[in-house]
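Two complexes follow with chain A in common, the first pairing it with chain B and the second with chain C.
For the complex of A and B:
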């Protein structure tokens, strides 16, 4: 039995590793074909990433990706596709940053207030798709795609102009956005904590305080899904909704709650950027929601897996910046790598799943033969 | 009203369209604009509608074969890059051919993942939508930066294929002889409704790109292919009951592959059209701007039927066309009232069917839109960008139960399993 467990672990790990190797090979071929040296390019990236300042940047990018991954994973756990993480986090971040700039509250409470606003907006927006699914039979994939477009090119595009602060450039960061949030609404950076174990962080890089929030979200997800009645119902509904219903799980309620939870977590995705700038930028970082879906898929909806995937995607995003300076290759190669990784990973997981099923069937058949009649 | 219900569908839909134009005519007179029924509006509607139509037809081929394709957006992006590159390097028709090829490559990826490996269709589509912009940007950084006028985000000017102005209807040349412009003549008469109809018609028959003609011809062709040929029957059985097809000796995998590849080809064609001078005349990063998703919306709106897709494409292309030329914002404002009237229509329809909840919901929404219309002079310019998505949501909210997607759409199929 122990042997079988080891094999199973091996199969599980083999799939993502294969996917990443496959992505390395294909992108190397692409680089070679375009006349670049892949070894030099990847060498530059790894070299760049081993610097402390780059690592801080990587963690700063991994933080929202991890949160977005958890948001998508909550839906995936019960076979719900929340494609709308993208729209939810942009809308939630904007509203939260704006509302947060209107009040002056005591330090911790102010930040909590902003977080609650973000989670409420994200949850409500995603919950709408959930309600449409259970009351009107609208597929959540389609409705969240439509709601994405309505949020991004409609609500956010419009509200950012309404709420844009009068002075064009704020806080010396050279970016335009909403009115700055008072100091009390922002989390301090974690440089002090980091520098206990490392040297001093230079170049004005700051490790985002949202990392703490991300870790709490991760722990919360882990406990909620694996250790609570609700998590059991959620997973049961995902595996077999009819059986779950027979077991007393109200499927409609579960759909709405899962969507709200997923959206509430998605609402936090934009906050690291808001927190580092002090306001919501008129040109915010986009695409975190879609990458978050990829992160959840690569991480198999498990907390640890999502964490590692978020780091991998963040590494590719950030360390490729160095390619612009060394000229070893076009930095766009990493977007191709991300796409290939995710496509290869889902294929590899599917192949592994089928291999496992075959094995189980064989084992069951063998057990039947051995069992006395 | 039974005579109306018994009338052939094309007659009923013509009547609906005429009724719609009548509402537009009345509404625009309230707002002192003639944009809603101008020839330039209908021309823009057609131009914006074509990529939506092509993407929607692409979705139709894929979903009729049982494979959901939300990767249309990504395949369309590949189409814009390859279309622009082919157009710049080899000429306009090569641009179209290569755009199609780019889309087919995206379709092939989707087919391999979903059909051969049995990956969930939505997941594969999401992955393709992440991959495709990366490929386009990488290729642009490798190739367009080396061409004068190109950069990592855009291509040099893309040449276009020719266009045609119809003789007699719109005053096109008939050989060397310039024919009379019949619709233009009526449009100038300022007759209520009749001139508006003529004006809208005029926009759709003057300077029509050969690509547009090709796209429009694909609508009846798709209908014929899908419902009148053995190929179509076999493809559709793969989307309805693949096991039944299998029992008849049909190679289900092969038909699914064909459906998804055609889907990619049409999405690529849509991309090439966007990059052609008909719309942009250039490859620009992010220029598809969710049109692949609007194409999917048109497919759903059209209930997975080619003429329905055409209707959806024109309906969704219309606000884009209006918004493009509506500098004063008056026409976009008028559209809000049109929305209110449409919702009121839904409310009445729901009442006659005894659907109280629907009627109340539509009535409240209608009243809200009307209130918005009468309390403002202008609407934000983002309204035209989101209107298609809002309309799709509304259609889904009120008619999702009446739509009939292919029965096995989106389900994994493994040969020999049930």
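For the complex of A and C:
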């Protein structure tokens, strides 16, 4: 049995590793074709990423990507495609930052309050799509895409003007946004913790405290999905909705709950930025929700997988910044890599799944021949 | 003339298992050739090799005299071999016509699908073989029997000269079987070659020109039907006498466990179940007979709770559960063996212990309050494995790795061990081998003796007559007769089911 488990692990790992290698080869070809030296380009990226300050940046980017990946994974686990993580986190971040600036509460409670507001807004907004699906039969892909448009170019664009603080705040030009949240509503950075194991973090970089929240969310997700009755119902509905229904799972209720839960987690995606700035920026980081979907795909909806894949995507995003300075290649090469990784991963996972199913069927048959009942 | 199919010395090994060992098979053009054998005898593997889904390790294969090496079903289809699978390969969301042309669409200019031409061709095929289908119906709305017809037409539409039918009669009642056989004879008259797999020996003897029996991966015999009896065939297949479903003495009590009171079900403004009433007592098996599509499956859905009733009451142990959820009914002691174990019974990629928990995940030993009890669930599954003889290397094996019979035994086991008061069993032995079938019958008999109230829906009339204490016949959504299984014959029952027994009806 141990041996079989090892093989399974190997098969599971082989797929994403193959996908990443394939992406490396493809992007090298693209780099060569466009007259750049791939070795120099990747060398620059890795060299840059090995600096402590860049690593802090990578973790700061991986944190929201990880949370967005978990949000998407909750939907995926029951075959719901929540494309709306993008709109949900921007709207939730904005509302939470604004509401959080209106009160003064004791430290921990104030931050918790902001989190709860963000989760409520994200959950409610995603819940719309769930309700539309079960009452009107609207496919959640369509409705969440439309809700994204309404949230991003509609609600957020409007509310940011309404709630915008009088003048340029804090860092001066370009740092406009909502009224700053009092100190009690913000998490401290983790530089102190980090510096226990490393040297001092320079250049004013701060490791986001939201990393702790993200880890809690990841562990919570894993426990909820694998250890609880709710998680069982969720997975059963995802694997076979008909069998789940016969098994006592109310399908419509599950759709709504799963969407709300996915949206609630999505609501947290914008908080690392809010937390580091102290307010919701007029031009916030966008695209985290969409990348989160890719992160969940590469990570196989599994906490550890999502964590690693969030780090990979964050590494590509952040370390490619150095290419602008070294001129070894265009930084857009990482967009190609991200795309190829996803395409290759989808194919590789399917191949691995089929191989595993065959193997399992043979193993079961073989075990029975050896020990007839 | 060269035979249509000639297989010589076909051997197929899987690690640890020899599925086919030096199998020989000769099928003459224009004949109806039956392949008999228990599940696991290697029939499916042989058919998969013939259809190009798997390749043989050894042996030669000749089609119409030419040696061939198929690498995919496309190769087989190109040579005029078509297969109707036991588990249908249809897209639920598409119409009958769209399913038939899927992958072989006639096109107009610019690659547009020529639906008119497709429609005409379909009608032509349907008329030629007397197969009646409505091209515009959605497949998801069709009953199992109708789906099978679509599958057959799909194959004919592609111009198949050799048809492989994988247990085509498993889903049909006698009258429908006769119709299928008439169709098969027409196909034969038109020059087609039919290869069909079947468990039911009387049917095999009736339709086949030649019978090949497989046992444990080998060809045991090739015989002519006029030279052998059903008993001879059975012995060839299993080496022993076939088990029977018949129960012994009555264990019926006067305590009503399930009381169905004037239930009607409306589907899409069409009344599919109309004013149906009957009672199932503790220790009683009530059978429901009916040609597929006469409201039985909707009635079962209504009892289980996956479909709302439009009128009437469903009283489970004294409580009207018609307004409650599936979960509530299950927690009150309702157990269910669904008709399609892959569609409604199992989570195929999930381990066996999770499959055992399905439907019972809210109660011990599968859960403790909010949490799933993994240890308890594994132990319980281990128990099911032992008591119900589920042959598996372990309870962490995914369900798709088991054979059909063992999957079914797992489902029966999980439902029986949940301490149920009422069991609804829908075609509980469909598509499983003789050994597993006998085991399921024994389980139902034992539960009946222990006071379980069972509602049995089955297309296998022998099973229905053998197991039931009372048989209710459904026709066009209504109960048209209640018969005593002790006195009724399958033929009489078939007449009730089609309405032929009512003077002048149908």
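Keep this in mind: the second predicted complex is superposed on the first by the 348 of 373 C-alpha atoms of A that agree within 3 Å, B and C clash if a C-alpha of one lies under 4 Å from a C-alpha of the other, contacts with A are read in each partner's own complex, and residues count from 1 in each chain.
Note that contacts are C-beta pairs under 8 Å (C-beta built on N, C-alpha and C of every residue); 3 or more make two chains touch, one makes a residue touch a chain.
Just so it is clear, the model here is predicted, and its values are computed rather than measured.
In the overlay built on the shared chain, the residue A:182 is in contact with neither chain B nor chain C. By the touch criterion stated above, A:246 is placed in contact with chain C alone, chain B being left untouched. Look at A:365: by the touch rule set out above, it reaches chain C but stays clear of chain B. By the document's definition of touching, neither partner reaches A:220: not chain B, not chain C.
Of the two partner chains placed by superposition, A:321 touches none, neither chain B nor chain C. When the two complexes are overlaid on their common chain A, residue A:136 makes contact with chain B while staying clear of chain C.
Of the two partner chains placed by the overlay, only chain B lies in contact with A:154; chain C stays clear of it. When the two complexes are overlaid on their common chain A, residue A:107 makes contact with neither chain B nor chain C.
In the superposition on chain A, contact of A:339 is made with chain B only, not with chain C. For chain C in complex with chain A, the touching residues are 14-17, 304, 306, 325-327, 330-331, 336, 338, 343-350, 354, 357-359, 361-362, 367, 370-372, 374, 389, 391-394, 397-398, 400-402. Contact residues of chain A toward chain C in the complex are 1, 226-233, 235-236, 239-240, 242-250, 357, 360-371, 373.
Across the complex, chain B is touched by residues 30, 34, 81, 83, 132, 136-139, 141-143, 145-147, 149-150, 153-154, 157-158, 290-291, 293-294, 297, 330, 332-336, 338-340, 342-343, 346-347, 350-351, 354 of chain A.
The residues of chain B lying in touch with chain A in their complex are 70, 109, 112-113, 117-120, 122-124, 126-135, 137-138, 140-142, 152, 289-290, 293, 296-297, 300, 380, 382-383, 385-386, 389-390, 392-393, 396-398, 400-401.
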